[in-house]
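Have a look at this one before I ask anything.
Chain naming follows the written order as A, B, C and D, and within any one chain the residues start at number 1.
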Amino acid sequence: MALLALEDLRVEYRTARGTSGAVDGVTLEVREGEVLGLVGESGCGKTTLGRAIIRVLPRNARIAGGKIVFDGVDLAALPEAEMNRYRWRSIAMVPQAAMDSLDPVYRLGDQFTEVLTVTGALTRTDARRRSLDLCDLVGLDRRRLVALALRPRLLLADEPVTALDVVVQHRILKMLRTLTAELSLSVILVTHDISVVAQTCDRMAVMYAGNIVETVPTPDVFPRPRHPYTMGLQNSFPNLLAPQETLIPIEGVPPDLLHPPPGCRFAPRCPFAIDRCLVERPALRELEPGRWAACHRAEEAGALRIQSQEAERWRVPVP
Amino acid sequence: MLLVLWVVATLLFLIFRLMPGNPLAAYIDPNFTADQQQALIHEFGLDLPLWQQYLIFLRASAAGSMGQSFFYHAPVAQLVWEALPNTLILVLGAVIIAFLIGAPAGAFLAWKRGTAVETAGISLALAVRAAPEFWVGMILLAVFSFSLRWFPTSGTASPGAQYASLWRQLTSPDFLRHLALPLLTLVLYLQGLPLLLMRSNMLDVMEEEFIVMARMKGLPEGRILLRHAARNALLPVVTAFALVVGYSLQGYVVVENVFSWPGLGRLLVKAVAAKDYPLAQGAFLLIAALAIFMNLAADLFYTWLDPRVSYAKR
Amino acid sequence: MRSGSVDALPRPGQTWAGWRRAAGTLWGVLQHDRFAFAGICIYALFVLIALSGDIFAQLVYGARPALTVGFVAAFFVALIGTSVGIIAGYYGGWLDAVLMRLADVAFGIPYLPFVIVLVAFLGPSLWNIVLTMALLLWKDTARVVRAQVLTLRERGFVEAARVLGSSPRRLMLVHLAPNVLPIALLYGSLAVGWAILTEASVSFLGFGDPARISWGYMLQDAYISQALSGGAYNWFIPPGVCIMLVVMAGYFISRGYEELLFPRLRRR
Amino acid sequence: MARPGPMTRAPAEAAAANGPLVAAEAVQKYFPLRRGLFARRAPGEYLRGVDGVSFAIPRGSSLGIAGESGCGKTTLARLLLRLITPTAGRILFEGVDLSTLDGPALLAFRRRAQLMVQNPYEAINPRFTMEQALAEPLVIHGIGTREDRLDRVIAALAQVNLRPADAFLDKYPHQLSGGQLQRVGLARALMVDPIFLAADEPVSMLDVSVRAGVLNLMKAIARARHLTTMYISHDLSLVRYVCETTMIMYLGTVAELGPTEAVLASPKHPYTQLLLAAAPVPDPGRPLPEITAPEQVPTPIGPGIGCPFQDRCPQVMPVCRTVPPPLVFVGPKHEAACHLYGPH
């Protein structure tokens, strides 16, 4: 059963030039004890999605619709005070810039125990002991561990390893896996690096321009991508183990979310786009059990995969 | 710090000595004979070569004796030391009150961002900040002293007032009534900087990652504002303490003159007007020393507040 | 110096209809303008002016030294500050150390007292006031520009320009200067206010240029002529309001600049 | 693209024409740590950016430099382009010591060696249009006439696949995407017709889907113009895609150097082995491997005795604590600086 279920979640930003749908109708599930990889390029809305779940959005952003069902409760409908009971106790977050997320004028230990005592869950002494226990458990990195202090059930990790050296990155991913097993924790791992997802996550959701375009179990996505964007990503990604002769880029740029194209948002860059793609927005459909894709031509995925290997096809004429 | 003071002193010495005209002109009675004039010039050491004058000046300044005032016929040191406490009370009192009012008001405006209260508050603070402080003082004088007669118009004490000790004087109602208007003028002038700075810092800090993090932790909004946002926003405001002290110099010289407050600023203006250069020099040096000292104090205070900055690094 | 030619100046009408029209305008401003406050100030100013044509003439005349000092001083402050900041930031090393020590000294010198001393001994002229201000006020601009240059210097395009063989002169003039210009202008517009306030203070203290009527001089005149005890508010309120408005204009210009410079602020 | 005539070479350089284009000889760059103005520095109070590095880049080849952040790879690139000068050692470009260059000779060097910077959004002066940015190298070096500069700029834009070029001429940097800006950065570097191109993490800030485009372009242009290239990256998979030779750096020293395939297929230095084991691969069948290396934060400050990798090395020996390991051959053209392969 799903611990977290997002149903048609929409988040809007108000800007000087209009309203942009940074997250535009996302439907997604996270099961108990699984690590879900949320992959996408910069500006696709993956960070916004993570922050919407815990309802800490910038001032000019708001949840414009949809549900965030956590453990049977719709978080999107909760009043702010109620929401505070979920933050950190049930849903914790490791933000992108771990270093910046600490208040520079207080000592680490104090900040660490602050949340434990303020929420009224523990006394100061207990809080200190709990923090030490957790450090022993994994043996490092207090500041990332703050997130786990209250034994949450869901951890949102927003690019936790970006900009880290590979050795440190490896250690943190390893720790993440250990923790999920020992604390039966569910994790949403937000990243732009497919390799990280491949080795860490159980399932993978691919985001493009505010939409989820594909959700599949990780072992399945690499041999059998179903959405052209996923195929394109794989083509453009260098592999340390098996060197490709040539990498194939996806030409063009993501759409302006203030004025998104009427049909499929990937259509302008997609080598397989047909007329229908330009006018009708594809829904996220379950093609086989547990395998979802939002593409009008998902049934032809087998044939498209073969064609997608040809570099010439991806040379979409620049408008 | 001492270096700066030395440069200032030297600069001052050169300005006074290289000025056209005889500095004793105002002092020398036209009826004096040439011999008498010469004797006077000799008395003040003005016939010595420049470098000797400079050495004498340096030695005397370091020893704390700054020569004899032409105008008051009294030692400069005595005159400036008498004026110093009045200035200190006025400036320190105003700076502290300005911070105590300005910083919380700034935080309040940041909290009220986007509302009419904020717009009105900022406009008002800016307007008061932009008004010349002596003009504000004049209005206060005209309204509260001359029209309403609530406060005295000048000086530090009513005629005939005698006090047993400095403390008695400072706490006497008469003195406080004299202090009220100049203090208020200076506070009005100084509040703008801490206020505006605090507000914009609060707005910056509120966007910082650790505030977002605190929200994610589910901390109450009030606690986030006070414990995390306000304390961080306060740091640059404290750095500005030095700046405010600098501004206060601009302010107090003028305000002291409006209210005939017998402090260093008034002494300086009088001395300059009377071309009494030993006195002007002495008053100026003390004002400079005061400013430099206060900058240093602000630095130390900042170090104490922010553990990231150790004094050695600055 | 009371001007005799003031009767020739037009006086705003004081009829009942005029008042009503003015009140209507004021109400409109209050309703629609975010900075209605400024509107009220201007209105109050004209009411006061209406009360004394003599003062009106002086006010108009007094605007000239204020604005001259403001803009000329601000120009030199921005020019000196920007040059020093760019040179110190670009070359670094001992040159930087020397220039920044100089800035420290300028910072340690009490500003207004120094202006008073210098003006009193150089002779009370407008240009001496401008000169002393330029001598002391460049330090803030220089520091900010230097800090900006230090970050710009690490930017890719400056590095690339060096690799392309740009001369130091070209780097400073073509690559650094245009990119620090906005912040120099920001500080320049603040300096306008500073300079006007300084000129007013100096004139008020009696060290101003005796040949020119300035707003500060008018205030001094009012002060020593017992205008305060006589309750002659119409004498000393208008010049102060003028100074305040001009200085505020400087602030608002710089705030507008800041919003352009740091678009992040616009969202607030 | 219109090219100026072949460069005239001085006789001394002609003699070096057959040697490597770039050669570093025991290059060192220490940065003093900030202290008080008059405080004396103890020997350890330097940051060892580059600490005794020797290598050569043969003409027409591509060298990839990889290592963790702070290993000195960017410092090395800046040294090779003479943006900074070494504390000790020599850097030879076409056989000429870079530190002796001055005036016109330095300007001539600036036409031969060019750079692509890391951050595309900072690569172009924000106040320049693309035309101005691309014409600047021509102006500095007085190449072409005022009229034909525009033609050259258009040709350069077309060469990096920014078509139609006219559409880009009047654009400012903020109107372009990261990928497009990085192409302009490449085009600008090529305006002076260099023979050596250094690229410092040119795609690390770009989105995955557009990285390949920039990399392919760099590869194609380097091949077409016989450019000698140096490519810096923390990502070994990118180095593998672009470079023939790979150099692994650790704390300012060369840990391993050799043909890319050899270094990646049979890494010899324990540090290279660690990097390869920790690097993620897009293969769901391969779980995260166990790593036995001790956790230790490397620091480039301090006296530095023995092997720089000793504290993190799982195979550390007593000799590693005292003697810095020299580079020794471990295969054809393949060297590693490790006592495991030395005479000890």
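Criterion: a residue touches a chain if its C-beta (ideal position, glycine included) is under 8 Å from a C-beta of that chain, and two chains touch if they have at least 3 such contacts.
Being a predicted model, the structure only gives us computed values, none of them experimental.
J.: Could you tell me which chains are in contact with subunit B and with subunit D alike?
T.: Under the touch definition, subunit B and subunit D have A, C as mutual neighbours.
J.: Tell me which has more C-beta contacts between its two chains, A-B or A-D.
T.: A-D
J.: Greatest Cα-centroid separation from subunit D: which chain?
T.: Greatest centre separation from subunit D goes to chain B.
J.: Just give me the whole-number Å value for how far the CA centre of subunit A lies from that of subunit B.
T.: So the centroids are 56 Å from each other.
J.: Per the centroid of Cα atoms for each chain, what is the distance between subunit A and subunit D, given in Å?
T.: Computed from C-alpha means, the inter-chain centre distance equals 33 Å.
J.: Taking each chain's centre as its mean C-alpha position, how far apart are subunit C and subunit D in Å?
T.: Whole-Å distance between the two chain centres: 50.
J.: For subunit B versus subunit C, what separation do you get between their C-alpha means, in angstrom?
T.: One centre to the other, that is 21 Å.
J.: Which residue numbers or ranges of subunit D touch two or more of the other chains?
T.: In subunit D, nothing touches at least two other chains.
J.: Would you pick out the residues of subunit B that each touch at least 2 other chains?
T.: Residues 207 of subunit B touch two or more partner chains.
J.: Give me the residues of subunit C that touch two or more other chains.
T.: There are none in subunit C.
J.: In their shared complex, at which residues does subunit B touch subunit C?
T.: 1, 3-5, 7-8, 11-12, 15-16, 19, 113-114, 119-120, 123-124, 126-127, 129-132, 134-136, 138-139, 141-142, 145-147, 153, 203, 207, 246, 249-250, 253-254, 257-258, 265, 268-269, 272-273, 275, 280, 283-284, 287-288, 291-292, 295
J.: Once bound in the complex, which stretches of subunit B touch subunit A?
T.: For subunit B paired with subunit A, touching residues are 207-210, 212-220, 223, 228, 231-232, 235, 305-308.
J.: Sort out for me which residues of subunit D touch subunit A in the complex.
T.: Touch residues, subunit D against subunit A: 68-69, 163, 177, 179, 207-216, 234-238, 240-241, 264, 274-288, 291, 293, 295.
J.: Report the residues of subunit D in contact with subunit C in the complex, numbered from low to high.
T.: Interface residues on the subunit D side: 37, 81, 83, 106-107, 110-111, 113-115, 117-120, 122-128, 136-137, 140-141, 185, 188-189, 192.
J.: In the complex, go through subunit A and note every residue touching subunit D.
T.: 41-42, 140, 165-167, 169-171, 173-174, 177, 192-196, 198-200, 218-219, 221-222, 232-241, 243-244, 246-251, 253, 318
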